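Next come two complexes, and both contain chain A; in the first it sits with chain B, in the second with chain C.
Let's look at the complex of A and B:
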């Protein structure tokens, strides 16, 4: 356990260092522009899997959290000209409140009812934002990027680094949950909520915690998107495609270990980037849907499950 | 300014709209309400049926209702195949079927949506028929004839389904499999076959519902997203599996939507069904007329 901790944090530090060095040394902006989306999806998929994987509550409302993050940033920029880190922090707070609300929903709903309720929440928030003139309403809003802070020479590179930081934060949190009693408790309530409650697992507190953490990270991942695109409109910020992409990434990677959603996001995220550039964004949603269905039918435990079934050694250790 | 005339018109139009909502939801009332299948792709199948009707109307100049009727056997088969796939991969394996079953239907919905976009493009499509575009006047109220046609067909459809489920042998078998699957098995019937047939019926109805959808208003590929809210709102409000309840709940939703439309404007209308759904799930999950 200790040794794996050291390995993990060394890996995380090396990853951030590499990102920092790359953003200082590389001149071309395009890799950062494309890579940002993949990093964003890693955060989203990892954050989604806290609730969706560990606790077994399928959240279809990823777009609600993402959009809430985007619009928190938009509001703060327009009202106070708040800096990026403040935008992300406040977005995380808004996301955790929203997560708390979703947690309250889990009190009486399970399975499909919970999922439908999260879609409902997303549409209601989207409609509210559409009717909110101050942040642009249905037409959307243009945003000006503030001047970039040193040591970065372009805003996109800075956003890329910030998103990489969020990746490390979200993976660290998920990893901690998986290795602690929280993860075991969530696992227990996923298998049988009543039995877990009877054996003394504080199911309500755990579900609330999972919802709040997941919500905070999902919204935090959305916040920089406003500055990334320099534009926000409700129908793209609250697009259901985010929900289906993130769901697909998490399930294709497998939710039994934090590496699953990361792999899923890298694999699908880069495929999407390539397809969207070379063919069309419609085809890329089609591929996403087909892969989701294929994996759900053929490989229920995702890529992790596939790897484990091929290598008996790691399979035994679990 | 609030006026009683406006409210009266809203209620009348809302009731017509509500009956139409009943027609598009009644299939889900069987597949999700009775059979417990998380059919999130129901609205996507509905929009697919509308495009089928559009194609038949465009190519062969068929009346949309006849086109919808012709589509029902195709959708019946589609329903059989879908249920078989769902059963083999999820229901039979048991554990974790819930999570992955939902993801499966969500994926299917997206595939259908994108295939429609790739085939027809993102433009709105509509059908032509002699009753589209005309209106009848009752006193000060102007009712589009297309709404009346949809209303009539919707009432007939829900009525027939209700009779089918309560009076015929197969209909009773479907209700029996819902109440006691094991008991039915002991009596020598195959519950899976009955459920598959029921799912087929639930999907077949979408042929006609799809025709109504494109008669009432033009359709676009992503229309199914709004209808996730409407159909699930109706089915949950009705109390799972109740056909009469479906009609009542749909009328309530229709009236609520038109009133919001009249008072606050069209931009708030899509949220009505979702807000009602959320409210019902939070307060009375067994629905108004729960079983």
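Let's look at the complex of A and C:
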């Protein structure tokens, strides 16, 4: 095992331990409600960056995958009373199938056409769910949480821990991709797909793999949201805001390294949570808008690019 | 006197002293809520909040509650269900508010119901629809005139049946509120032996309704029940104006959201004539109760500064009434204990500026006060005409009625 791997897994273990201890010791539930949302955005931003960052295929359909995850959980809860981990696993499977479908789109579409197709995918799935009365249809559905599992004393704390586990899983996968032949292949096809194909890079296989992994993680992040809200309606679950926020997080953080989307999600997610309970008016939308403009103009390669411009040596490291 | 007695006496004296000293500068009673101030529900949310703020200023001018000032802790939920759980957790765990008001509308309210039930908190609802039907929270009091779930559809379809209607056409938006209403309406139509000859749901983004209206006309219904949202309500009425609905239609409307808002009403003008639609308050003689006139005088002035609906009939008086309900409960029980307040609210009839309110077991109003009113004599581009009575004649419920239905719809349009 390399030194960087040891450092990563130690950091991940410490992070999970800190989350677990906080869940067991803190009584105030607000940090868990707010923290859950930030962790959820970390998973979404990291998952998005597998396809959007590494492969350069900009997916505007994050909300389609997220919503599919939410409604998979709703269906499993209503039909079988399935436990949370089963909901997440099945949501990941559904997300990977959707990802496979999106991967097929890349056979014929690139650039803006691919992005538009992903928006269409979101609309198709949302319309389907809207007309699926079993899961509440357009009217929405209220859900009852099952009893909380030990050692947690509240369901939200348990969801917070589960989402932290998903963060570690998604970051580990993204980090592996970045450091392996997959990441190098995706980088090659991002720069020039035809040239990559000609030099023996299996572009189709790589794109399919990126789509499937990204889709699985995006949907898995959505599954616990059903129990977090204990309510689901298509307009909330398939809200375009998820796509826009996740895109902004990945761009603000930078997509050149797996840590970029993590930093972007922490920065933007925390800002959103803080603004929601401080400024709490139209001004918070303005502040986020200004932040985006400043990053696009001042740091087009995101926080990662900004750090690298100050410390040129970091660029050489993996 | 032993040391323990002396110490106990000293503590009691100190506690008494503290109590009397703190009367003057006791902390305010804090009422927490989220309110849509951005997003699709913002227009309603801001107007509703102004109504609550007018009550807060009014009660504070009268010395507050239990001698303490009332303070509102309000956050923007961006009209989204995903924002409210964290906001209400903060209100409870960080801000430690004394009382909770729900946000305007069903979607932002639904996710907080389990939380408030789990924490044993009283929650004053703000125009949600049947949000407690599955949660069964015994400290939920919905401040909305809906009443029993089927009362809304029963009121409108009853008017149609009384006018000789036997067949119904239903047209609804594929969105939460409209779908909840139309589902109930289908059941009510069945119970009333009305035959549903047309039942169409349209996507929320639909902007052009002429083909749908033509298909509806082909079914030759006697009653047309529409559950729509503001942009589609306007588009449907424009399509009806161009194509017409035929002399067979005795009554048209029912649940069209948007026709309660000043901007939409002013824009549509004479196209509104003949439509029978729901509302929560109207400037008709039967709707003035103790304090209603004074409220609207204050609201009209403050609405201009706050840049919200200048008429404010739909939500603001209910925002004020929500404060009145809490004020009456706190004053009568001299307590902020959630269970005590809930018991009082459940067991008494409350006089407010929107009338007398009595709550049923499920926290909804015992009797519906959802008005079905017919637009009459409306002229184009004149907002002030809606301030006078006679422009929206109340047909239902019976106790608030101010006129009779003009039928058929085509005759009422002219």
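Going forward, the second predicted complex is superposed on the first by the 295 of 318 C-alpha atoms of A that agree within 3 Å, B and C clash if a C-alpha of one lies under 4 Å from a C-alpha of the other, contacts with A are read in each partner's own complex, and residues count from 1 in each chain.
Throughout what follows, a contact is a pair of C-beta atoms (placed from the backbone, for glycine too) under 8 Å apart; a residue touches a chain by one contact, two chains touch by 3 or more.
Model, not experiment: these values are computed from the prediction.
In the superposition on chain A, A:34 makes contact with chain C only, not with chain B.
Of the two partner chains, neither chain B nor chain C is touched by A:74. In the superposition on chain A, A:285 makes contact with both chain B and chain C.
In the superposition on chain A, A:244 makes contact with chain B only, not with chain C. By the touch criterion defined above, A:138 reaches both chain B and chain C. By the touch criterion stated above, A:56 is placed in contact with chain B alone, chain C being left untouched. In the overlay built on the shared chain, the residue A:117 is in contact with chain B alone; chain C does not reach it. Judged by the document's definition of touching, chain A residues 127, 130-131, 138, 282, 285 lie at the interface with chain B and also at the interface with chain C. Of all residues in chain B, those touching chain A in their complex are 32, 38, 40, 85, 89, 96, 98-100, 102-104, 106-108, 110-111, 113-115, 117-118, 225, 228-229, 232, 236, 267-268, 270-271, 274-275, 277-278, 281-282, 285.
Chain C makes touch with chain A in their complex at residues 37-38, 74-76, 78, 80-83, 85-87, 89-90, 92-94, 106-107, 110-111, 113-114, 131, 134-135, 173-176, 178-180, 183, 201, 203. If you check the complex, the residues on chain A that touch chain C are 28-30, 32-34, 36-37, 127, 130-131, 137-140, 142, 144-145, 156, 225, 228-231, 233, 235-236, 239, 241, 273, 276-277, 280-282, 284-285. Chain contact summary for the complex, chain A toward chain B: residues 52, 56, 58, 60, 105, 108-113, 115-117, 119-121, 123-124, 127-128, 130-131, 138, 240, 244, 247-248, 251, 282-283, 285-286, 288-290, 292-293, 296-297, 300.
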